[in-house]
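One chain, chain A, links the two complexes that follow: it is found with chain B in the first and with chain C in the second.
The block that comes next holds the complex of A and B.
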């Protein structure tokens, strides 16, 4: 560190950064924990889907369906069940999802389903799983109306960015910290060390993942430029930037041209690559449009290179490559998405994402311990609220997630709106664990009790998967079902770790002995 | 609360600390966002005037504004006088938006 940077970060600046760093963390820590945890799960959303949707464990597929016209169109017709289909799309099978996912918009509502790669419709999966529950919870909190969820998540993300920057300024001794972890001595010290260590070591990832997360939805949460040059019409901006295309229905009926030649033409335009999603807009209409997206697994960029065809003639309507700045935007977005095919990086994304949870969690714990010194062992309402939020957003969130996965294996297949029952259970149990945390917080939140619950639920999930699907780890290895095996192994590790933590915490002496007796540092 | 107390001594004003804290937080949230908005709008207009494709200009200026946003937000806490913070962020935002409107009228 040079003398110049020392002067740049004056003691006054460091002192001024402490307040926003502290209070952004205390007020938004719980929300950020949810965002980071669900984002970490979303890295393996497909694998969680296989675990939660046993009917889709049909073994790996080498390539997509040989013929869209033969495999997909009959499945669409079956799902429509006689209703007029307006638009539909199919996500084609890939290495991680061996089934097709179909979504239809008909005149009387939506329909959806999964089918094997040769077009056999599977029974309803009865769950939203990782892709449709955990993942949207990460970026939109399932608050879709008016993009309100995007706004809340992006607000918290800007606060996270500000927290990272102010944290670096407060800290300003980055290199020493590579070697500082004082696990002996005081609990509060080691909490701060752990907070600093995670903050410093994983800082590049945390900065990257937070800023690219906002970048993806930037035209929605900062629409100033769209307002200036596109009159506020985000759709027109996207048409222009990403090469999208749309046109209204004509009202004249016309049959759909064969899809297979369109896929071949898209492949030719891409110069290789695989189709990932096929959309048919204005189905059965003279103005129908077919859109084919490219699979993302062979590059970082989130550029899906959409090719638009006239649905009746099969001619290419639009294939536009983005300009350099938009292409940069797609690469930044792709860094966040991590849709590329790279298993070691996927595990790193999971671990680094969880390290973000650790950063946020240790920050909240450090605040709690320091306040305890200031206010004594009889905590006030404010302290207890933060304690309850900290507990509810860490162990409570784990309990809710694991309870939902256990419910997924326990609820009978036939009950109506099964997926909504699962979601309801998730939120009820989450609220329940937060209330439990609030009620049981005396000198400490009920960490030990909640960790025991996490351990038991995680172990129960492994057992329930075995009992209800017959898929135990040895069989999963034998049939090379790495997705289910991976989820089971992570669940088992969670159970062991949570159990050990709960035992350790149960034996921990009361805080007046462990911390208050040693008020020696700069509290 | 340390920072609020410190700036209170520096300013030596009669404004109660709660009000001053509120002024800082709103400057950091709304002032900084207004400033970023102005930057993104003005940058987009400027890029379009310079001959960039509209989608490119919008994306470039928004990315720039996103980098400025958290820094502007923290600066609202670092600046000794909160009134200066509000003047620069709020006033700057209004000026930039006005400039972008003007550029929009002048431009093709």
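The block that comes next holds the complex of A and C.
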């Protein structure tokens, strides 16, 4: 380090950065762990869906349905079951989801379902799966009322950003320690090495994912502009910014024009590309609007290039390209969403998302080990609370996730509100494992017991998938069902790793005060 | 460059680049090459030059294969992956050298 940078980062600045870094990590570490872990799962949400919804494992489709009018409209009518449909949309099949997903809003409530690409309705999937449970948990914590969840997640993300930057400032020997992980010797030093290693080497990804995550929800968390220009009407803001179009129902009945010519026209306007989602607003009304979104598989930007058609005449109502600011916002959002078809990038996103979990986890563990020196072997309430949160948000979260996946394979198909039973089990087991962590924390949280539970549950998930669907790895390879095989392989690896960790932890001697008294070489 | 070689090539180049950079760090040089003295200045320069060339080659492979947007993103993430792999190798070699 040169003299100039040494002057730039004075010991005083370093000390000033240390306490917000520590406090942010200790107080928000558990929440950030949830956000990072669920975000990592969300990268493979479609694949987890295939695993959790065996009825949708219908083999890959090359293209979408040949005719929307023949394949989609009958399925919509069947789902409506005689009720008047107000709005509906269909997500067309793609490489990762070989089925259509339909959502309807009728006069008496919502309905949804999956159908094969030729329009055959599948039995209800009975689960929220990765797309509707793990993924929303990542960005909204399922607290949608008043966008509270978005605010909390965004607050935690800003804290994460502050933590990343303050962490770089605190780190005294960033280049000398660039590749250093001393897995031997003092436990605390190994932890700090690992914390620094993941923090520094994966810093570009962590900065990118945190900033873009905040950017996505900017219109919600910085509402002043929308408030001033649109009177707080986010819908009108999005109409202008994203080129959306909406109009109220007229109340006059009118039939829907054929959809296929609209798709052809949208393709022409896009200059190639595939339709991904077709929305019909005000269905059966003279003011009906059809919206067609473009598939995102070949681009980073989240610009879906929506084309709006008059539902009765089939004429284009609006096709507006975004301005430079919105286009930038779409690219940044796209970097975060990773909606593109790029498998190496998808795996790197998973890997680095999990490295974010490791960064946060090792940070909390390091704090716990360092605090031991002050607290001795009989830690106080504060230390035990952080230890319980650390345990509940790492191994406890894994237990809850795996338990939900196991419940998904065990619960009978017919029980009422099956998807909500799964979700209830997830939260109950999560709370249970956090309570277990809190109760059993003496000199250490019950890492080894919880890791054993993780190993058993992950192995059970693989076995249950085999037993209940008959899909074992060899058959998955034979039928090229890479989604299910991938989830199974990751589950099996989790089981093996967790088992080895739990055995090793069980043999670890209790920490002694004599070794604790040696203070580490942290700045 | 054939498709199948793109990914191994990209990650390999990133790995070699960071391996060269790791050897130019005195601690790792002493642990892995010569415990008595640090790396000579000329060697450090050559290692860094090699690292720079490898990184540039990796960028060109990624951008040529995947286009500017995806190529840049893939390259930036492959850098982290390569650096993590080098750190794991350094730990493994140093640990076995220590017995």
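Operating definition for what follows: the second predicted complex is superposed on the first by the 508 of 523 C-alpha atoms of A that agree within 3 Å, B and C clash if a C-alpha of one lies under 4 Å from a C-alpha of the other, contacts with A are read in each partner's own complex, and residues count from 1 in each chain.
Simple rule for what comes next: a residue touches a chain if its C-beta (ideal position, glycine included) is under 8 Å from a C-beta of that chain, and two chains touch if they have at least 3 such contacts.
Fair warning: this is a prediction, and the values are worked out from it, not measured in the lab.
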Next on the checklist: Looking at the superposed three-chain arrangement on chain A, would you call chain B and chain C a clash or a fit?
Outcome noted: fit
Next on the checklist: Which partner chains sit in contact with A:123 here, chain B, chain C, both or neither? Use first/second/both/neither.
Outcome noted: neither
Item to check | Which of chain B and chain C A:299 touches, first, second, both or neither | outcome: second
Next on the checklist: Looking at A:342, would you say it contacts chain B, chain C, both, or neither? Reply first, second, both or neither.
Outcome noted: second
Checklist entry - So, A:219: does it touch chain B (first), chain C (second), both, or neither? => result first
Next on the checklist: I'd like to know which partner A:261 touches here: chain B for first, chain C for second, both or neither.
Outcome noted: neither
Item to check | Superposition-derived comparison: chain B or chain C, residues of chain A touched | outcome: B
Next on the checklist: To be precise, I mean the smallest distance between any C-alpha of chain B and any C-alpha of chain C in the superposed model; what is it in Å?
Outcome noted: 20
Next on the checklist: Shared contact residues on chain A, chain B side and chain C side combined as an intersection?
Outcome noted: none
Next on the checklist: Looking at the complex, which residues from chain A come into contact with chain C?
Outcome noted: 175-176, 178-184, 197, 201-205, 208, 299-300, 335, 340, 342, 344-345, 348-349, 351-352, 355
Item to check | Complex contacts: residues of chain B adjacent to chain A | outcome: 1-4, 6-7, 28, 36-41, 43-45, 48, 52-63, 65-67, 69-71, 73-74, 77-78, 100, 104
Checklist outcome for this item: So, in the complex, the side of chain A touching chain B is made of residues 12-13, 15-20, 158, 161-162, 165-166, 169, 211, 214-215, 218-219, 222, 224-230, 237, 240-241, 322-326, 328-329, 332
Checklist outcome for this item: So, in the complex, the side of chain C touching chain A is made of residues 7, 18, 21-22, 25-28, 66, 69-70, 73-74, 76-81, 83-84, 86-88, 90-91, 94-95, 98
